[in-house]
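Down below are the structures I want you to see.
In what comes next, chain A is part of two complexes: it sits with chain B in the first one and with chain C in the second one.
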Partner chain A sequence: MSFPNMLYGRVLKSPHAHARIKAMDVSGAEAMGAVTLTPEEVPDVTYCPRLVSIPSATYKDWKVLTDKPHYVGEAIGAVAAESEEEAQKALEAIEVDYEVLGASFDALESMKPGAEPIHDEIYLEDDLLKVENNVGCQLEITEGDPKALEDADVVIERTYRTNRRYHNQLETKSVMVRPEADGGISVWSTTQTIHNTRLLLHDIYGIPMGKIRVYKVALGGSFGSSIHVNPVVNVAVGLALKSRRPVKLSYTREEDIRDHCAYQMIFKLKLGAYKNGKLAGGRLEAYLDIGAHQIQAYPLLGCVVGWWVSLYKLPYKDYVGKAVYTNKVPSCAFRGYGNPQISWVVETMMDELAGKIGVDPLDFRLNNYIGEGDIFWGQGPSVKSIIQSCGVEEILTRGAEMVDWYNRPNPEEQTGRYRRGWGVGRGYHTSSAGAPVPSSIVDFGGAMLKMNEDGTFDYVSALMDHGCGTQDAHIKIVAEELCVTADMVNIIRADTGTTVYDVCTHASRGVYSGGGAALKVAMKVKEKIRDFAGKILDAYPHAVRIRYDEEREQAVVFAEGIEGREVTYREIAETARHKNWGTAAAVESYRQPSCPPHFTGYFVEVEVDTWTGKVKLLRVVAGADIGTVINPMLAAGQVHGGFAQGWSMTVLEDLPYDPDDGDLVNRGSVANYKVPTTMDMLDLDDLTVFFADTYEPTGPFGAKGIGEGALNPVAGTVANAIQNALGVRFFQLPITPIRILEALREKEG
Partner chain B sequence: MTINKVNTHIVPIEFEYHAPGSLDEAVALLEKYGEDAKILAGGTDLIPHMKQRKTEPKHIVNIKKIPELACIEETPDGIKIGALAKLRAVELSPQIREKVPMLSEAAGSIGSVQIRNLGTIGGNICNASPSADMATALMALEATVHVYGKDGAKEYPIAEFFQGRSDVSLERGELLTGFTVPYPPEGAGSAFEKVGWTTFDIATVNVAAVLTLKGGKIDHCSIALGACSPAPIKVALAEEILKGKEPTDEVLEEAMEFVAACVEPRKRWRRAPPEYRRRSSQALAMDAVGRAVEQARRHQ
Partner chain C sequence: MEIEITINGRKRRFDVEPNKLLLNLVRDELYLTGTKYGCGIGECGACTVHLDGEAVLACMVLAVDADGRSVTTIEGVADGDKLDPVQEAYIEEGAIQCGFCTPGFIMSTKALLKENSDPSEGEIREYLKGNYCRCTGYVNIIKAVQSAAKKMQG
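Now for the complex of A and B:
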């Protein structure tokens, strides 16, 4: 994308993990003809880039450009010039004088007394908060009688550490901003939410909302990295307003990898079980390494406990979660939002517990899972609802049969170079953050639908599609309700000015919530069509029926059994225009009444080469309960992708830091950030996906989500398979060939 | 700290571009500009290095217009491969597949098809990365290197070409023009093995082996190891152990000890610690020798 007269922006990034800027000299860059932007030239607003929570649950510690950077890569200035090359040269001509401050790169170190304070003061809504021990926010929850855990026959307590992962989405964070003649701006950006982008830009720059138009842009992937408004957007707006010219700002991959990552977590988990195979209770301490800023740390603390307690029935549960600042890239949501991390821990320990009490790990799961009729609060303690559809049992029993689970190998019997193992793991994710009562999370959307004068339909929605086919699913839902083919429903390019509010495409809500809004407007429009048809046919609107006529390629409204009383959509639309009845159209907001979990389960077979430590995938069976499957191929595709991402999380990915200079060890090079290619994954013939036969009463046509549940159980499952092959458990991710050889040396010499 | 400078997207430096049509023209340019000039062949290393500002050449000498450099042909001394031959061409060449299949195997293990369609065998060698897969394969095959300079052509064994990490024995004004890969002895078996974190990845360790059997015993034997020292090396001690012996598990295991002993740890070895390289180099050498023996048995 480009505009005439457009400038190219580049961001000046802090080379220090923690520093104060004493002076910045931009004269060299300006002498080259570049437009520059310094911290003094942007509004002095402290904000939170993610506006999904209500204000009283939103912690703020960000600036558009800061004079006190807290991580290597934080934006401290910017330039815009006629070309990217010129902008780069101008960037290199800026001189900055820093006072370098102490820094911390580990959450546990960061909390110790005497550690350098990263933020002195932050805001919760508009209240100033003092940060103590670098803990940005915390949450404690206890339910049940602690005696339950004390009485348990077997108790295990362990510490686990997850990896730091980069989203590696297709396009780097990018934005185009065009200043408009009326003082407003138009914005095209990589975002998961156009309306929250507008909200934040309004908050920062004070431009009236109607004069900020944020346009939907096709994305190739995001995985949660643009639920918040990415820093480039706010910087580019500053450059465009100052230069009064369109500005394009696109991060390089090296900048992008220093812009966002998943939350690295340290868990101390204690779980107890009785000999009868029932869980007694547990205690979880969670330390979230949030990096240098809060994006959604507080709601995540709620979700981590929610994910934990909603997997299995725990009569007693005790939780302390702390979000800890470190001088690292700010962490944000990444497909699963903490669920893959905690599920790895829980599923690893469930296997270990089952072994201790002498129950098969699969039976142990069947004994304890949370299912239909149970209270569910996956999205945190403020989002509770009752589970109305559940395919857990079907997933586990059908999968077990397919892989002959009960005859899997015994790790103690294997001694050769290549050893094989099967693992099982289960999980779920919420579909949206809906509930019968309001919570601290905003979750509603909306849509508009109108019948055109030829009987086709235009569908307008603010909901972003990240390349997952979400809008495609909406079209199928609308078409199904209106009895027309999908090609008769058009998706209209839209922006904040032409759509009603939708919170964000996240939380696996695209089909369940967004599709719910689509269904609601389709039902309203159908009602109007019935009214019009009733007038034309001299029939009662509620009595007419609708069918699709393949010959005429039209939906036909008819009075059953009465010859000649039928009319096509096209005729209805034409008549409505000629007789001035108006347009059959509807615009609606929609809040879903529930937060149904979509359940998933995996069976994975691996082969470990004990000489090189390489783990090879042999076979995967994945079961998913997503209610009615709206688009089977795309849904299976979500499982394929979720599995690949989970596999990568388990065996490959990490972003270690170099404490000497505070930068990533890989120096931002994506070539040194390993993810599997298609050549590293197993053949799709060896990856079987099946869907459980369920129906979600609150979902559009019975549908639930799939996006995140497809990923969540994978790390636990693969880790359990590796354990089954080697008889070794790992408490740190990723499980690399190097770590495998080290562990084997320790075990076998 | 280079965070505001290094990336893989923008080349903000200015340079003069040359596209000589003959070897003599190319050599004259390289002689004239010396350190200021860089050779562009496939560009899979040079262009990223320029974006990363590891090199900021004032002159780029594109040698792709020199026709004779891309050849793959059979000669009495062996297969002649021009420095500009694409890795993909080396992988797919019917002559190479028939006469020195291990070289094709090694070429096919590099990066992705897209990278192999750009990258050249000469570039893979001249970049002198310790983990270059072509280097290890050519070492085991005991290839000859052809160099052209202002004094004309010269040639020497590939082992003498590597001067250490990122350093090759090319003088100012000299250009690598290609290789002659001698035909392995009649009935030879050969194999190439590597371990990396993904198929796309460069090698953490690679091993190449060529051998023949005589009366069930190993006769000719050549083993090369890459990514474990500043340049790929021949594992002479292991070769000696194997020669004249039946390749039993015990013999192989004994020989592999010498492979592991060749691992020469670097100060900053980020990809894998020495212990991992020792263990996996043994494993890969076992695999490579084992596969070569099987192949040689089939040829008997």
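Now for the complex of A and C:
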């Protein structure tokens, strides 16, 4: 994108992991003709860039530009110039005098007494809070009788550590801001939510909402990294307001990798089971390494416990979750929002427990899973609902048959260089964060629909589509309800000024929740069409019927059995116009009454080379219960992509830090951040995806989500397959060749 | 430096700095923004274009090195409003999710099919290993290449 008279922005970033800026001299940059922006020149507002939860659950510790950077890469200043190159030169001409402070790079170290405090004070709503031991927020929950766990026949307790992953979405974070003559701004940015972007910019810059127009643009992948408003957006707005010229600001890949990452988590999990194959209870301590700022870590603490207790029935559960500051890049949601992490831990321990009590791991899962009729905590303790559709049993039993599960290898019988193993794992994710009562999470959307004068429709929604097929599904839902073909429903380009509020495309809510709004609005329009048709046909509106007529390429409303009493949508729209009845149009907001889990299960076969430690994929069978499958090809595509991300989470990805200077060990180079290529994935014939036959009564035409459930169980499944091959369990991700070789040396000498 | 490049069939002249990348010329001066920046270091393949019919990474080619040669970008692939068979195949097979990697993949696929009109799955994977996709897990992309190969054989 570009505009006439446009400037290019660049962000000045802290080279230190923790420092105080004593002085900043921008005269060199200004002498070169650049527009500069310093911390004093932006509003002194402390905010949280993610606005999905209500204010009383939102901790705030961010500034547009800070004079006390808390990680390498934090924005401390900015420039705008006529070209990117000139902007870079101007940036290099800025002189900064730092007082370097102590820093910490590990969540457990950070909590120790005597560790350098990262934030002294933060806000919860408007209340100033003191931060103690670098714990940004915490959550504790206990349910049931602790005696259940005490009476268990077998108890296992272990510590697990996940990796630090980078979204590596193909499009780096970017924004274009144009100041408008009326004092407002227009914004085009990488975002999963145009309305929350507008809300935040209003909060920071005080511009009246109607004068902030945030436009929907195609997004080159995101996976949760733009649920929050990306820092570039807030900086670019400051530059545009000061320069009064359009400003474009795009991060380089090296900047982007220091801009966001997934939460690294440390878990201490204790699970107990009885000899009869039932779980007794558990205790989970979760330490979330949130990096230097909170991007709504508090609701994540709720989700982590929610994901944990909604996998299997635990008569007793005890949870402590802490979000811990470190001097690293702030962590944000990454496809699954903590679910892939906790699912890896639980699915690993379920296998281990099954072994200890002597039941097959698959049967152990079937004995204990949470399914239809059970209470589901989905998005945390404040979002409870009852499960109304569940394909877990079908997924596990059909998959087991396909892979001949009960005849899988025995690790103790394997000796050669190459060893094979099968693993099973299951999981789920919520479809939206809906619930029958309000919770601390905002989850509703809206849509507008109108019938055009030729009998086609225009559909307008604020919901973003970042490649998950969401818009496509909406069109199908609207078309189905109105008995027209999908190409008769147009998607209209939209912005905050032309749409009603939608919270965000996240939480696998695009089809279930957003699609719910699409269906509601289609039903309203249909009602109006029936009214109009009733008048024209002299029939009762509730008695007329609708069908699609292929020859006329029109939907036709008719009074059944009475010849000649029929009228096409086009004729209805024309008549309504000529008789001044108005347009058949509607605008609706919609909140889903629950957040039904879409269930997934994987069977994976791997081969481990015990000489090199390399793990190769041999076969994958994936089953998914997503209710009615609206578009099988796109839904399968979500499973393929989810599997690939889960696979690389298990064996490839990590972002270690250099404690000497607080920067990434790879210095921001994606050449040193491993993600799968075409060569790492399996051949087409070795991958099978099937869908369970279920119907979700609360979903549009019975549908649920799929995006995140496709990923969540993968790490646990692959880890279990590696265990089945080698007889060794791993408690740290990723399971790299070096870790495998070390573990084998320990086991076999 | 004065250079002349034939871009998508049209001769154009430019005056560029010697360190200007072909990627930046194509995007910032010609507004052919279908060619994407993903990494700038030759890792992702999002910037793939054809230089005299061969697939190259536009972030690794200097504009001056394209002097006197012909460059095809994704914008030059379709015949007016009629999509190329490779483009059609990517759409039909659901090989596009966010779509950011797609132009690069299509340019690589076209180069592959020019060299080898009936590639095996292994050959497809080998040829496309420099193109990175975070969304699809490559499954539908491989299917799209197979289907494009069939279409082009008629």
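Quick note on the criterion: the second predicted complex is superposed on the first by the 749 of 749 C-alpha atoms of A that agree within 3 Å, B and C clash if a C-alpha of one lies under 4 Å from a C-alpha of the other, contacts with A are read in each partner's own complex, and residues count from 1 in each chain.
Keep this in mind: contacts are C-beta pairs under 8 Å (C-beta built on N, C-alpha and C of every residue); 3 or more make two chains touch, one makes a residue touch a chain.
Given the structure is predicted, the values throughout are model-derived calculations rather than measurements.
Q: Kindly classify A:K614 by the partners it touches after superposition: chain B alone (first), chain C alone (second), both, or neither?
A: It touches chain B, and chain C stays clear.
Q: Quick check for you: in the superposed arrangement, does A:R253 touch first (chain B), second (chain C), both or neither?
A: both
Q: Check the residue A:T677 against both partner chains and state whether it touches chain B (first), chain C (second), both, or neither.
A: It touches chain B and chain C both.
Q: Applying the document's definition of touch, where does A:R570 land relative to chain B and chain C: first, second, both, or neither?
A: After superposition on chain A, A:R570 lies in contact with neither partner.
Q: Please work out whether A:K526 is in contact with chain B alone, chain C alone, both, or neither, and reply first, second, both or neither.
A: Touch status of A:K526: no partner.
Q: Under the stated touch criterion, which partner chain does A:G221 make contact with: chain B (first), chain C (second), both, or neither?
A: second
Q: Starting from the residues of chain A touching chain B, keep only those that also touch chain C in the other complex, and list them.
A: Common interface on chain A, chain B vs chain C: 252-253, 669-670, 675-677, 679.
Q: Tell me, which parts of chain A touch chain C in their complex?
A: Listed in rising order, the residues of chain A that touch chain C are 1-2, 167-172, 218-223, 250, 252-253, 466-469, 633-634, 636-637, 640-645, 669-671, 675-679, 681, 683-684, 687.
Q: How about chain C: which of its residues touch chain A in the complex?
A: Against chain A, the touching part of chain C is residues 28, 31, 33, 36-41, 43-44, 46, 93-94, 96-101, 121, 124-126, 128-143.
Q: Quick one: which bits of chain A touch chain B in the complex? Just the residue numbers, please.
A: 12-16, 72-73, 84-86, 88-89, 91-92, 252-255, 258, 417, 609, 611-614, 652, 661, 663, 665, 667-670, 674-677, 679-680, 736-738, 741-742, 745
Q: Taking the touch rule as given, give the residues of chain B at its contact with chain A in the complex, in rising order.
A: Touching chain A: residues 1-12, 112, 195, 197-201, 270, 272-273, 275-276, 279-280, 282-284, 286 of chain B.
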